[in-house]
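In what comes next, chain A is part of two complexes: it sits with chain B in the first one and with chain C in the second one.
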Partner chain A sequence: MKKTINIPLGSQHISLLEPVRFKFECENEKIIGVDSDVGFVHRGVERACTTNFKYDGIGYVVARICGLCAITHSLSYTVAIEQLLGVEVSKKAKYLRILLLELDRIHSHMLCLSHTCENAGFEAMFMRIMGDRELIMEMQELLTGNRIQFDYISIGGVNRDVNLELAKKMLHTLEILKEKVLGYMDEFTNNWSLSLKFKGIGALSLDEAYQFNAIGPLARASGLKLDVRNEISYLPYKELGFMMQTHSDGDINARNIVRLNEILNSIEMCSNILLGIPEGEILTKSKGKPNGESLVRFEAPRGELMYYVKANGSAMLDRVRIKTPTFSCIPAFSHIFLGENYADAPAILASFDPCLSCTAK
Partner chain B sequence: MFSSLFKAFTNIFKKPQTIDYPLTPIAKDKDYRGLIEYGEESCIYCLKCEKACPPGAILFVKTDNPSENEKNKKSLLYNYNPYLCIYCGECVRACPKPEEALWQSNKKPVVAIKSDDVNSGWFEIEKLHKN
Partner chain C sequence: MKKIKVTLEILADEIAIFYDYKKWHFLTINGVSLGEDKLEVQWIFSQYEAMEDIIMFYAECSYKDVIPSIVNTVPSAIISQRELVDMFGVVVEGSEKGLYLDDDSKQAPLSGCSL
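And then the complex of A and B:
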């Protein structure tokens, strides 16, 4: 007689934001086997990039892969094309690119934290974080003209400048936000509702993180010092006060703390940028058509995002390959579920901050 | 622990964060990226905006009743589909006479549903443009 039961989580589930299906094999409450399926929202973006759009419009196409990391997608693609065209981007444009990239990271992490709270049954905290997230959304709207689809990055620079008045307003808002994030830090470490649900649950050890190729906040929460921002040279992260945030526990609480620390670090970087924006042009005109191959990596809010672009000297590209962070983390996700209770599965899944829109693309 | 309880309690006396839409309108920034507007008198018909538009929301097609603009030698008519436009502003950046011939306003497009059939005429314009 079979001693296990199969319980699915998804593709539509009350605790899920996006369609992913995990099929759990459970022995009583304990999960002993996991099977996953991520291809529910496939839209054929890579194919569309090489058949329907010219190289200069693809930055706007790939931005629509995901609402939360739209800026990382368009920036990765644009940097890949800039490398093929040999365009030099001004220092001011680089600073403004980092500014929006970090604002995007802050609001993405806040969304994840609010949903982990919701899955722990702490609705009041969910409302509080989502309410405060509006501060960032408003800043993004003032900077780019839109809340979600920024369309801020162009080949050769950025589309809009920051004036003095806006910079002052943003600095003031960042200060308010910093106070609020320090308040969350207190809640996430001391509140019983959160720590009972999160401490010691869904742990991933450092060895396992290596073995299963974990990236992003998931890896950093296990103590793996892995951050693309520390490794790339095309954006001046080091001079803006970037500090890698790691934790040693590897459980849900550690992931939350890493995200909170990253928000604080991003706020500091944004303030540094706004206080010291260099003079210069925001857009350098580019000439010619791309030819050759280019590979670019960026740190999206969920981990490493990789773009491979192959061009043949015409306006249409040969290949656009996108490797998204959630896709790379799936082996680690599946491993973490093993040995946990089924009741904890939604909370664990929310702590991964999976982005299926990116993964299935 | 108790600080969050206290905060939750004080929230009862605070104003809601949401607004009373549609009674209170949503605040709109003057630099909000909205509809693209066109000034026919200043247009030099270089068609740069048409080439730059990523989704192809601006199309110039031949017409029998062309405007009196002397630059319009090929008898073209400007067509713009606000429901296809992604408001990126590439056309305005490509335009040699921005603010006069083509500019981005902060107006939002009128919301439409399927029965309004807002794209029906557009497919014919696309066919004309291909020919």
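And then the complex of A and C:
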């Protein structure tokens, strides 16, 4: 019988800034068993949504679940309520919603890529990407008034318009960012530390991605064509140039390349929006109270986010169910670690881009 | 969204017949409290590359019922089953407490009945 040892990673670890713990059972350097614990900071947001807040304030509550994808949370909830109220949102408001969603995706992917560089020991690249990420954070502040916790979404539309001067400034910034991202692509493709080192590490095959219901860049890097932007009609993604990005290798390198291609596609969509913002109101007034049940999905930076809302015709809701991307991916995460070297575990974990703030909502 | 009512007795078989893992994407398991004694449990799936094609199997049951596991058919459902156990204080076959709450916690934050 071979001797095995248990090695924990987390809940406090230098390569992982969020409270999750993986317990690895290792045989020499090889991981042969994985146990995960995500329950360190459960905040009871779902319960708070049905006991402490009225339906028209919950959009601002759920935005606090996560700093990185606040917009996706508040939008998912808001669209679920709009469906129950029968509110028709203007085309202009839909365009502005996509604009902020995609800006959010860009800076979230940049954060993940910078952490990947940090785990590869490439500190200079980490600093470079984090520095460039400020371009997006500044754009978000100009558009919404805040860098991250932007309460931009309202039931019926959005809270702020974009004027011509701001649109021109954002277009110029997106051009600068595109050049920088093409530079990253060169580094991630040709630099040994970021390409060869990560090839074949932490791989998930297409069949495994199906079996474990992988989502987001994790799934698409394995060739699974699942992007909620391709499967919803409540935002006009296709007319703005959305293209699903996939890869076939399923390893850390493939995840990096998928995220880089998604950033480039998001920049293109944002530019298309800013060049052709439709005329019209940004906010449609709603009447009545929500009644019935609705289920809405959006593509957050880490994958599919689902909101289920059940209402009873009063201001207080019966149920708000939030299914977050990282939560869904935990079985796939655990599977990927099996057979890998423990030394690669931090880099593999960073490539998942996990968000425990969302998971322990 | 299409809703299909099932009973707990036939649930695992119904999902085993329905679930083609390359066609259907497992979304999650959800619980909705229907008061002191009852809850509705939902098993939700969406079709890959289809426009808003969502199927929800649902069953009404008591908090004291043992809810069958679908892990044999959908391995990744284990995490949602454990969440259901924690949040509603119900028993799901093969799913232990302690994902979000402590293993011995007496709380069930979303349950409609007092434990």
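Here is the rule we go by: the second predicted complex is superposed on the first by the 358 of 361 C-alpha atoms of A that agree within 3 Å, B and C clash if a C-alpha of one lies under 4 Å from a C-alpha of the other, contacts with A are read in each partner's own complex, and residues count from 1 in each chain.
We adopt the following convention: a contact is a pair of C-beta atoms (placed from the backbone, for glycine too) under 8 Å apart; a residue touches a chain by one contact, two chains touch by 3 or more.
This structure is a prediction, so every number in the text was calculated from the model and none was measured.
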{"item": "Partner chain(s) touched by A:N213 [first = chain B, second = chain C, both, neither]", "value": "second"}
{"item": "Which of chain B and chain C A:A315 touches, first, second, both or neither", "value": "neither"}
{"item": "Touched partner set for A:I5, first chain B, second chain C, both or neither", "value": "neither"}
{"item": "Which superposed partner A:F53 touches (first chain B, second chain C, both, neither)", "value": "first"}
{"item": "Which of chain B and chain C A:E141 touches, first, second, both or neither", "value": "first"}
{"item": "Which of chain B and chain C A:I176 touches, first, second, both or neither", "value": "neither"}
{"item": "Between chain B and chain C, more extensive residue contact with chain A", "value": "C"}
{"item": "Touched partner set for A:L338, first chain B, second chain C, both or neither", "value": "neither"}
{"item": "Shared contact residues on chain A - chain B and chain C", "value": "none"}
{"item": "Residue ranges of chain A in contact with chain B within the complex", "value": "53, 56-57, 60-61, 124-125, 128, 131, 134, 141-142, 144-146, 149, 151, 154, 159-160, 186-187, 190-192"}
{"item": "Parts of chain A lying in touch with chain C, wherever the complex brings them together", "value": "38-39, 42, 44, 46-47, 210-213, 215, 224-226, 230-233, 295, 297, 304, 306, 308, 310, 318-319, 321, 323, 327-328, 330-332, 360"}
{"item": "Residue ranges of chain B in contact with chain A within the complex", "value": "1, 3-4, 7-8, 11, 17, 29, 31-33, 52-55, 86-90, 93"}
{"item": "Chain A contact footprint on chain C (complex, rising order)", "value": "1, 21-22, 25-28, 30, 32-33, 42, 44, 46, 48-52, 54, 56, 74-76, 78-79, 83, 86-87, 98-101, 109-110"}
